[in-house]
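The first chain written gets the first letter, and so on, giving A, B, C and D; residue counts start at 1 in each chain.
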Amino acid sequence: MSEDTRPVLSATGISKFFPGAIALDSVDLTLYPGEVHALLGENGAGKSTLIKCLTGAYRRDAGSIQLDGEEISPTSTQESQVHGIGTVYQEVNLLPNLSVAENLFLGRQPLRFGFVSQRRMQREARRILGGYGLRIHPAEPLSTFSVAVQQVVAIARAVELSGKVLILDEPTASLDRDEVEMLFKVIRQLKERGLAIVFITHFLDQVFEICDRATVLRNGRVVGTRELAHSSQTDVVHLMLGRQLESRVQDRAPQTAGKTLLEFKGIGRKGMLEPFDLAIREGEVVGLAGLLGSGRTETANLIFGAVPADQGEAWLRDQKIALTSPRDAIRHRFGLCPEDRKTDGIVGDLSVRENIILALQARQGWFRPLNKAKVNELAEAYVKALDIRLASLDMPIRFLSGGNQQKALLARWLATNPDFLILDEPTRGIDVGAHAEIIALIEGLREKGMALLVASSELEELVAYSTRVVVLRDRRQVCELHGEDISTRNIVAAIAQGHLEEVA
Amino acid sequence: MTHGLQATLRRVAPQLMILAAVLLLNVIVFPDFFRIEFQNGRLFGNLVDVFNRGAPTALLCIGMTLVIATRGIDLSVGAVMAIAGATAASLVADGSGWVTALLGALAVGVLCGLWNGVLVAVLRIQPIVATLVLMVAGRGIAQLITEGTILTFVNPGLIHLGAGTVLGVPTPILIWIGLGALITLGVRRTALGMLVEAIGINESSSRLAGINSRVLLICVYLVTGFCAALAGVIVAADIKGADANNAGLWLELDAILAVVIGGNSLLGGRFSIVASLIGALIIQSVNSVILLSGLPPEFNLVIKALIIIAILVIQSPTVKHALYILRASAESAGVDTPAASASAPLAKSTETAR
Amino acid sequence: TIGFSQIGSESGWRAAETTVTKQEAEKRGIDLKFADAQQKQENQIKAIRSFIAQDVDAILLAPVVATGWDEVLEEAKDAEIPVLLLDRTVDASEDLYLTAVTSDLVHEGEVAGKWLVEEMAGKPCNVVELQGTTGSSPAIDRKKGFEQGIAGHDNLKIIRSQTGDFTRSQGKVVMESFLKAEGGANICALYAHNDDMAVGAIQAIKEAGLKPGQDIKIVSIDSVPDIHLAMAAGEANATIELTPNMAGPALDALEAYLSSGTTPPKWIQTESRLYTLKDDNQAVYEAKKGLGY
Amino acid sequence: MIRSTHLPLVVTILTFLAAFVLCSGQYPAMMSTRVVANLLTDNAFLGIVAVGMTFVILSGGIDLSVGSVIAFTGVFLAVILRDTSIHPLAAFALVLAMTIAFGAAMGAIIHYLDMPAFIVTLAGMFLARGLAYVLSTDSVPITHEFYDVLQSLYWKAPGGGRFRLTGMVMLATFIIGMVVAHRTRFGQNVYALGGGAQTARLMGVPLASTTIGIYALSGGLAGLAGIVFSLYTSAGYSLATVGVELDAIAAVVIGGTLLSGGSGFVAGTFFGILIMGLIQTYIVFDGTLSSWWTKIVIGGLLFAFILLQKGLTWATTARRKPLIDFAAP
């Protein structure tokens, strides 16, 4: 990163306006060859918008971009690909109906006599994915694979496309440690080849592990650029939030759980989840830990009735209940914040307000609309309580940044005042500030006597709020950790144990 | 309340403007267009005709708007009209009273809606294919009832629904305005409107939020069947006979067109029944231009196509956006009002980026 | 076995033709294979080809349009299957079919025109015309015939002509607009290409407060039962019959040809009878009611 | 190994074969070269438009204008051959250029004005039919000797079946369509568009040229179908081929292509066409159905096929096992 190397890409004065919001206000970004550059900022700071402007997915309203000293102005992502800028956008952006190989090579398929050669394409795909430790059949449609695999394919595609710059927008949000390691290995190789890499994430550990410099955005403006070797986490966090993050007391939650609320006996579904028993008491947070694909999401969906169980029974306050649909569950005052907020969570074109009251209204029934004043009061209260950043309650929720969407979804369920709340990856894509708030929120809810089931891939977080952790492996419960036993190390051990067995 | 009215007016403003333009076109080809007389116990005039003849399309587009809001489409409404008309006619022919006939026809329409709804919501067949089945078979069923003939009837009660008047106003006008108002209030004064929009935008999310999307979807198709049946009865009553071969033929396309001209997206979501109804009036006004112009019928379709294309282009998101920018920059070029200067940087910079 | 390729069932008259054809076949003990083409020529061609593949003894064809039959008729000829045309001839060489039993569409229009000329007896008269479906041959020919019929009589003037798609409801709608555009008093006669449109128009005239049949003379074609009912009530003035019994003469000709080899004439014209108020329309109505119109 | 994505295709083919065997069991005359040749000849124009429709539907769109474009092509050819001395081949080229331009214009409107294909092509349908009326309301026979030459090009198989040029044109269209769909970048872009336009855009698929290309292709194939139809009937008629777009859509859907786009096969459409042709042939062979029962039975069979497909798809996805992804590091 010596001062005299010429930047690969330098953007100056990039601005982007949305109706009612200034997403980017004269942002500068400079990338040098062979550097990994972190782009940091709170939810809604404008990170995704910035890279969309850089790559031509959005038309920028002002500013100029220079690539290798030459002015470029990509008007489509295709154009930026031609310039050698490969990008992974925030939500997985691949085509589920095409095969893995076709996704990898879309737009630059190997040709033979002018025709696409499927055979060569698949051979190449196998080779490329092998480099990420992924051994799959590349002719299968992408939709048959889990989100994690899709994410890796998206990364592989972007890497293949990037001759000069690689941009990764929260690529690790749905990856496990091992995959993250694999990704970092690839990034280091690319760095050696002299590529400039933009890395967006909310995991500061990862930032300090892999990145050289960081540019921090706040409210659409650059508030600073730092050499990471010479700065600390607190410094960066301070820059991001504009305030200090109170260090939280790491007291273990006292064991004051109430009486048993729910009991599942031998509940399961063939081909999806092995039968398991689980009891949850009031004022208890049960954490679900496991590797990708271990069945955490399945457990959550099964308990919520989103995918009905085909065996076992459920008891609520010693009464047997039927859980065949989300509606049943909601009637019994359950709530579920799903993992994939884009497809299962938000209702994109409805306003933020309507999204917040949706579940409450659905429970109230078709013919008893919530009155307007109450709706506004509720929505405003939650926007304030969760610090959701928005231009207006009337704006469609899909215009919110990813993290703010997540908070709005939390608000939806809190508004129903549930007895039992299931959170599937509640902090995915959420910034450090909000992360702390959500953890505090979970503890607050528990103290009020709510029962929670939280699935998460972030072990530190699980350790922080769980009163009990259930470890899953291969869609089966393998062990349960209580009280003092709950620690990152023990969870990792419990997960890994299964791994060793499997290999043996 | 007034706030809601204002919002509605803002929503339908483009449609109203287009309607005004097409009506103006009518006046150009026929200067007496707006003259309304009271003649022979009924209002009599071209404008009355537009409202009266627009009734079937208007009725269809009430239901169609809801179906389209759920990201569906119903191609079978024309056929359902034929079935309902045939049912009503054959019931009065068998000696039933007009009330029985009407109820019977409506019941049959609802049944057709149920069939479509089950195909879409339970069997998960894509709406366009699911309703294609009834579109093809339905006319056959209607002909089965009438045995291919025009089933003429003389029951005055039934005829009154299509050709009669109430206080001088043709009954169909009252029926479609009444039903339109009823259903608009029905969906907007309850939570139904929002829930329908929610399942149209993202069904999976809606289901997880506890909306009974399956039943709601079926209900929407039931409403469409009901509206189609009512339209069928009116059309049959109008000519005092059930014409299974021609009643409602291709009218589903007009209804869909009306919904789109009403500014509703075929991709589901936000909807406005009032705007669709104005869309129906626009289509009928276009038909009226064609009839009044006196041009040879060979040109009917070309004229209709050109006017519709013009309307759609004006309404397209791209043109709307361009107009918005144009207006904003025109404002900023003018007097330096605070509002104008506030919107100026936005408009200008968007332009330079092009 | 005889195959019958019918156009479809787009109108009451068509349904009646189908019914009568089936009755005539049954009367003669013929096994009739019926194929409805849903108004599509391609379906008719498919049907004929299938009949050939089944090796039927003869084919009855009611062609939807005059052109486009050469190829398939040649195939029928190769397979030595006689083809008889009903209610419309085709633009094909005459040796490709045995005979055509049709009315003369132009003649029908002409009869209507002549009737109106006589009825008006030189008085000035503004005529409005309800055309059939744009592009269909009855619409074209009946328009032509009518114009021929009134040619040279300058007192008759066609002031408006628009399509009513052969349907009752369109007939009514278009008549309504005529009445408004021209004013009821300005219209003295209506010529409709078929009775259904006339029946619809009669309602429109009544709703406008005028007396159909008196204030506005009405002449139309087909002679379906409902128009006779209207005529019996004095609400319509004349209709020209297009008989639905095309199959009778055709089957007679076919039987003669098959049994004794007598080649029938290439064109068997059915009678285009004019009915006016002088006829006993109530009786005609009763007689026709059961024919499946 | 049959890949899961190929299943709808296999199902369609099996359905056709089973149906054909069943029908032949009832009417032995159906097992003849005549019937087979008729299936090809009579459905030639429908097959050709259905290929274009397959591309459109694969991309997540729809084209309602094809029936009218066929009619327009026929009338245009008939009128131009009647009124001028231009050679039919030149007229073919001219009309193809026109229909391609027409389709491209619709594609451009759909893309640049961001309007739904359903509505744009509906307006296109009105316009094309309207233009046909303006050219001539009457049906115009075509009597050029070149037409006779083209029509006399057939191979008479033993058993009386005539395999005509038009049928071969359809087969060729299908084969080329298959190659384009699966072996060219354009084809891949079509599938990509059907998988999600926004995503495809972010992945760098050129949306504008692909969309315009798709509708131009559909328009051009409708023009070709119009030429075939004019050979088939030796005439141009403005009321011809009403509702053919619905037949084409039905054939595409029966052939296993999803109307929502992104999944399906050109080859499936071929069997969809054959199945529809078979249904009609069966109804004619039966010969006892009245007009109304014909409609009801066609609707019912359509429903049966959709249901069969649905059931098979459901049965197979329910059993689909998740694939194990990551190798141990």
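In this text, contacts are C-beta pairs under 8 Å (C-beta built on N, C-alpha and C of every residue); 3 or more make two chains touch, one makes a residue touch a chain.
For clarity, every value in this text was computed on a predicted model and none was experimentally measured.
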Q. Of all chains present, which has the mean Cα position farthest from that of chain A?
A. C
Q: Go through B-C and A-D and name the pair with more C-beta contacts between its chains.
A: A-D
Q | Between chain C and chain D, centroid-to-centroid distance (C-alpha), Å | A | 34
Q | Averaged-CA centre spacing for the pair chain D and chain A, given as whole angstrom | A | 43
Q: Starting from the mean Cα coordinates of chain A and chain C, work out the distance between those two points in Å.
A: 71
Q: Specify, in ascending order, the residues of chain A that touch 2 or more different other chains.
A: none
Q. Among the residues of chain C, which are close enough to touch at least two other chains?
A. 9, 15, 18, 134
Q: Could you check chain D for residues that touch two or more other chains and list them?
A: 133, 137, 290-292, 294-295
Q | Touch relationships between chains, expressed as pairs | A | A-B, A-D, B-C, B-D, C-D
Q: Can you check the complex and tell me which residues of chain A touch chain B?
A: 15, 17, 59-62, 304, 306, 325-327, 330, 336, 338, 343-350, 354, 358-359, 361-370, 412
Q: Name, in rising order, each residue of chain C that touches chain D in their complex.
A: 3, 6, 8-9, 15, 18, 32-36, 38-43, 45-47, 49-55, 65-71, 75, 78-79, 91, 133-137, 139-140
**Q.** Interfacial residue positions of chain D with respect to chain A in the complex
**A.** 3-5, 179, 182-185, 187-189, 191-192, 194-196, 199-206, 262-263, 319-323, 325-329
Q. Contact residues on chain B for chain C in the complex?
A. 30, 32, 39-40, 42, 44-46, 49, 53, 143, 147-150, 152, 163, 235, 238-241, 243, 245-247, 288, 291-292, 294, 296-298, 300
Q) Which chain D residues qualify as touching chain B in the complex? A) 62, 109, 112-116, 118-120, 122-124, 126-127, 129-131, 133-134, 137, 246, 249-250, 253, 258-260, 290-300, 302-303, 306-307, 310
